[in-house]
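After this come two complexes, each holding chain A, first together with chain B and then together with chain C.
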Partner chain A sequence: MTSEKEIVIKTDNLTKKFGDFIAANEITFEVFKGEIFGFLGANGAGKTTAMKMLIGISKPSSGKATIAGFDVYKETEKIKKSIGYMSQKFSLYEDLTINENIQLFGGIYGLSDDEIEKRRSELINKLNLQNEADKLVGSLPLGWKQKLAFSIAIFHTPKIVFLDEPTGGVDPITRRQFWDMIYEASHNGITVFVTTHYMDEAEYCDRVSIMVDGVIKALDSPAELKKQFKANSMDEVFLMLARDAKRGE
Partner chain B sequence: MKQLITFIKKEFHHILRDTRSMLVLIGLPIVQLLIFGFAITTEVRNANIAVLDNSKDEVTQGIITKIESSQYFDIDRSITSNDQIEKAFKSGKIKLAVIFQPNFQNELSHSNKAQLQIIADATDPNQATTLTNYLSSIVRDYQNELNRQNKLPYTINTETRMLYNPQLKGAYTSVPGVMGMILLLISAMMTSIAIVREKELGTMEILLVSPMKPWLVVISKVIPYFIISLINVATILILSVFVLGLPIEGSLFLLIASTVIYIFCALSLGILISTVTETQQAAMLISLLGLMLPVVMLSGYAFPIANMPTILQILSNLVPAKWYIIIIKNVMIKGIGIEQIWKELLILLAMTGTFLIISIKRFKIRL
Partner chain C sequence: MRTLKFLLRKEFLQIFRDKLILRMIFALPVVQLILLPYAATYEMKNITLSVVDNDHSEYSRKLINNFTSSGYFKLVDYSKTYSDALDQVEKDKADLIVEIPEGFERDLIREDETKVLIAANAISGQTAGLAVAYANTIIRDYNIELRIQWIQQPRLNAIPVIDITSSNWFNPQMNYKMFIVPGVLALLVTLVGFLMSSLNIVKEKEIGTIEQLNVSPIKKYEFILSKLIPFWVLGLFVMTVGFFISFIVYGIYPAGSFWVGYLFAGIYLIALLGFGLLTSVYADTQQQAMFISYFFMLIFILLGGLFSPIENMPDWAQYLTYINPVSYFIEAMRMLVLKGSSFWDLRYHFLIVIVFAIVFNGLAIFKYKKTV
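Right, the complex of A and B next:
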């Protein structure tokens, strides 16, 4: 990875305080276009807080950051148009059908009716959901829901997609399929910023950062990190760093 | 604009797919109105009474016929003595007894005075008062007819007129009350639940990350409930005019315009509730306890405000339903125009504004 690449996320000493509590402490990193960037950390390490600042729903206390070239303080509206987001909680409307969910989110992101229809039929065919397209999302199995949620998060072809623990509670096969979709998105030039608890998933990322107690303790490709910490797996790397954590569950 | 329409469509999907809630939303006002209009009412019909006629003359017969022909009383003919009356009262068979003195007509024509005793079962004081009032007015009516024929001097007639509601119909208080309650409940509770639901499900986060403006989200939540409220207003008014026989004396336009203002007030209260709660249950609880109780107790709908302790009287000013019920009573029943209700309308508008300003402040803090 070299700096010749186009930078899509850049943070400089980004900090978020809640009273005396420093949830995210002077975070500095860069993410490049088309990269799969793993954002790891134990519970309470400040991952979600950091991510919320990046997607524009939480104002940083200090520091700088640009997302897709837009400032997180002043240009949140422009940022919102250039990113996609999939939250921890399953975030489609269960009492709407698959088609209605697609049309709704297409409409929210301002796509034209023709465009929505074109992409919708492509998506339904790709996910093999022809027979389910008019069924309520609530009736789908969890794995399908997650795949659908991801597809809808990138439906408007954002520059960056933020995934907050997207594969929680999903079986290994579906997780594998889910990661195939992430690779495909990354191949199509969408930058993927993903938080996860699963260390095997960390191995799939181009680069990972590991956050402990609000601070980024390590940032490199999985191979480099394993070399640096003389570990066999990302799991070991993570344990070495997170062992001293004071916060968390 | 397209965003807004797409989103409103989605809200209607939510509402229409939830058949049970939909039925409650549309059915509740109808049920409430009918219950309060027919069942829970201070008016009494077909009350069983006993008549003990110790005189059996032209005048007493005339009065008895008049009593009988009214829809309020059914005379129990089997009762013919004082003892039986007492028994009938104890067993609850009759609510009221009328006893004519012997030589009723003679006394009346010679001394211009005759005694008629009314005994009422006052275990239910309200009912007893209502019944004796009905009966007295029947007797008074008869007396007036007599006087017209005889031109008797020195007879003083008291005449009571029940203004605006001559038949003392319960619907006159229940319709404004039900409107005040239902509109507040549907608009405030349902909007707050609908907004909080998105928070609870996590979809609110997705919407906040999307380019959709937060106020657009709120507006598109509010519009469907606004429409449902209007449907409810229509059904309540149609029912009250055609089923409960309540007239709309004043301007229909003014009535609907002030109702729209009240709905806005309730909707903004719902938005306010949604900004202070995180779960649907909490939103529902706050709406029910925080809105229902004051509306029932302090709006002047169930209990007259003038009779309350001063503190409650002051508190009642904070209840939007109080002002709305005043407006509706004035416009609908008394037929009064805007010149008499502009103050109340202004108060409702001021409340709406206050709720919205607090909501916007709270909304920003949350982001």
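Right, the complex of A and C next:
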């Protein structure tokens, strides 16, 4: 990763404290445009906390960060226009149909009616959901829901999409398909910031950071990290780093 | 504003898709308006009476006759002794005991005075109070009747009597339903507005969809309006159904203007929905929201003068009703329906609910954050 690439996420000693507890401790990193950035860490390491600061729904205690060029303290509403987000919990409306969900989120992000309609039919065709488009989302299998949630998170073509453990509970085939969709988004210039517990998924990332007890312990491409830690897989790298973690679940 | 259109569409789709809510919106006014006014009545018609007549005279029979013919009492038992009668009370068969002493007639004629014992089962203080009050009236009337018989032709009136007659304004027949129906209407709007708004937002918190909205560029006021407007519409709709049922079933309709009623309900609902919104800021689960709602609703309704007049409450409770929005709404509805009060008559009520609306919504907007 060369420095002439456009930086879309930049943090500088970003910290979040809850009382005496330091959930995220002086995090510093950069993410480049179009990159797939894996944000790894054990449960309780502070990944979700860090991510919530980046997407503008949690105020940092100290440090600096800019997302798509906007400041996380003062310009959260501008940040929100430039990003997409898919949370750990499935967060489409199960009592709305696929079409209604698409239209809702398209509308919220300010797309015109024509644009919504054009992208909606493209998306339905791409996901092969022609027969399900008017069915309630709640009736879909989990794998489809996750793919749909991702598609809706990038429906408004954000600069960056944040994915919080997007493939939890999903079967291996769907996971593979899900990653194909991530590659496609990245290919189209959308930066992907993804947290995961699956180390095989970490291998698919351009670069990964590994967080332990609120601190970033390692940050590089999977190949470099394996070389650096003399490991055969990301799994081994992760275990070496996370072994000393004090915080549990 | 375009965003608001999409959000409102979503809310209405969700409400109309929820069959249970739809059914409740119709069932609630029908059931409450038909059942409550019949069940929650203050008129006592069937106070059970146990009589201990130790005199067995013409006079004592006449007194008993006055009790049974009053329409309030049902004679269920003749006991030989007071303790037998007390047994009946203990078995919950009798509410009131009337004991007529031996020599009742004799004393009344010779001594010009005698005593009658009345004892009431005070497990329900209200029943007891009413039973004693009715009994007193009957005995007083009985007394007057006797005196009139005794007094011969008009000398100058021997006992100057101030006769008190009363006329009941606004509800000439003292129809209890006229009193309770407007109150139940107010209750309906309150329940629907408050419960549904607070639960709705918390539900989004619980299933996690609110996070998806919080990371989007939706403005705070757009979100809040999208939550207030549907339940505002729903509240007024339920009121309309309520008015309709009141008219069909009881022939009760506002003596005043419908528009004043809707205007008042509209402002009141804004206040109430603000309170629901405030509740949802503090509650994380629907269970918590339900519990908080219950806590406030119960106090608001019981202290709102729906069943017991506020004037009957102790001073401290009356002060509490000043900060109870429900009591203003119930009172305004009664004034409108019974007295036909105009906008000008209700100006203080309007002013107060406007203040409530500003305070609750102000707090809710201040407290609601698009952050975690």
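Points worth noting:
We adopt the following convention: the second predicted complex is superposed on the first by the 249 of 249 C-alpha atoms of A that agree within 3 Å, B and C clash if a C-alpha of one lies under 4 Å from a C-alpha of the other, contacts with A are read in each partner's own complex, and residues count from 1 in each chain.
We adopt the following convention: contacts are C-beta pairs under 8 Å (C-beta built on N, C-alpha and C of every residue); 3 or more make two chains touch, one makes a residue touch a chain.
Here the structure is a predicted model, which means the values were calculated and not measured.
With both complexes brought onto chain A, simultaneous placement of chain B and chain C is prevented by a clash.
In the superposed model, A:I83 makes contact with both chain B and chain C. Of the two partner chains placed by superposition, chain B and chain C are both touched by A:G56. Of the two partner chains placed around the shared chain by superposition, chain B and chain C are both touched by A:D95.
Of the two partner chains placed by the overlay, chain B and chain C both lie in contact with A:G107. The contact surfaces that chain B and chain C form on chain A in the two complexes overlap at residues 55-59, 77, 80-81, 83, 85, 87-96, 100, 103-105, 107-110. On the chain A side of its complex with chain C, the touching residues are 52, 55-59, 76-77, 80-81, 83, 85, 87-96, 100, 103-105, 107-110.
Listed in rising order, the residues of chain B touching chain A in the complex are 2-3, 5-7, 9-10, 13-14, 17-18, 201-203, 205-212, 367. By the touch rule above, chain C contacts chain A in their complex via residues 2-3, 5-7, 9-10, 13-14, 17-18, 207-209, 211-219, 370-372.
Chain A contributes residues 55-59, 77, 80-81, 83, 85-96, 100, 103-105, 107-110, 136, 162 to its touches with chain B in the complex.
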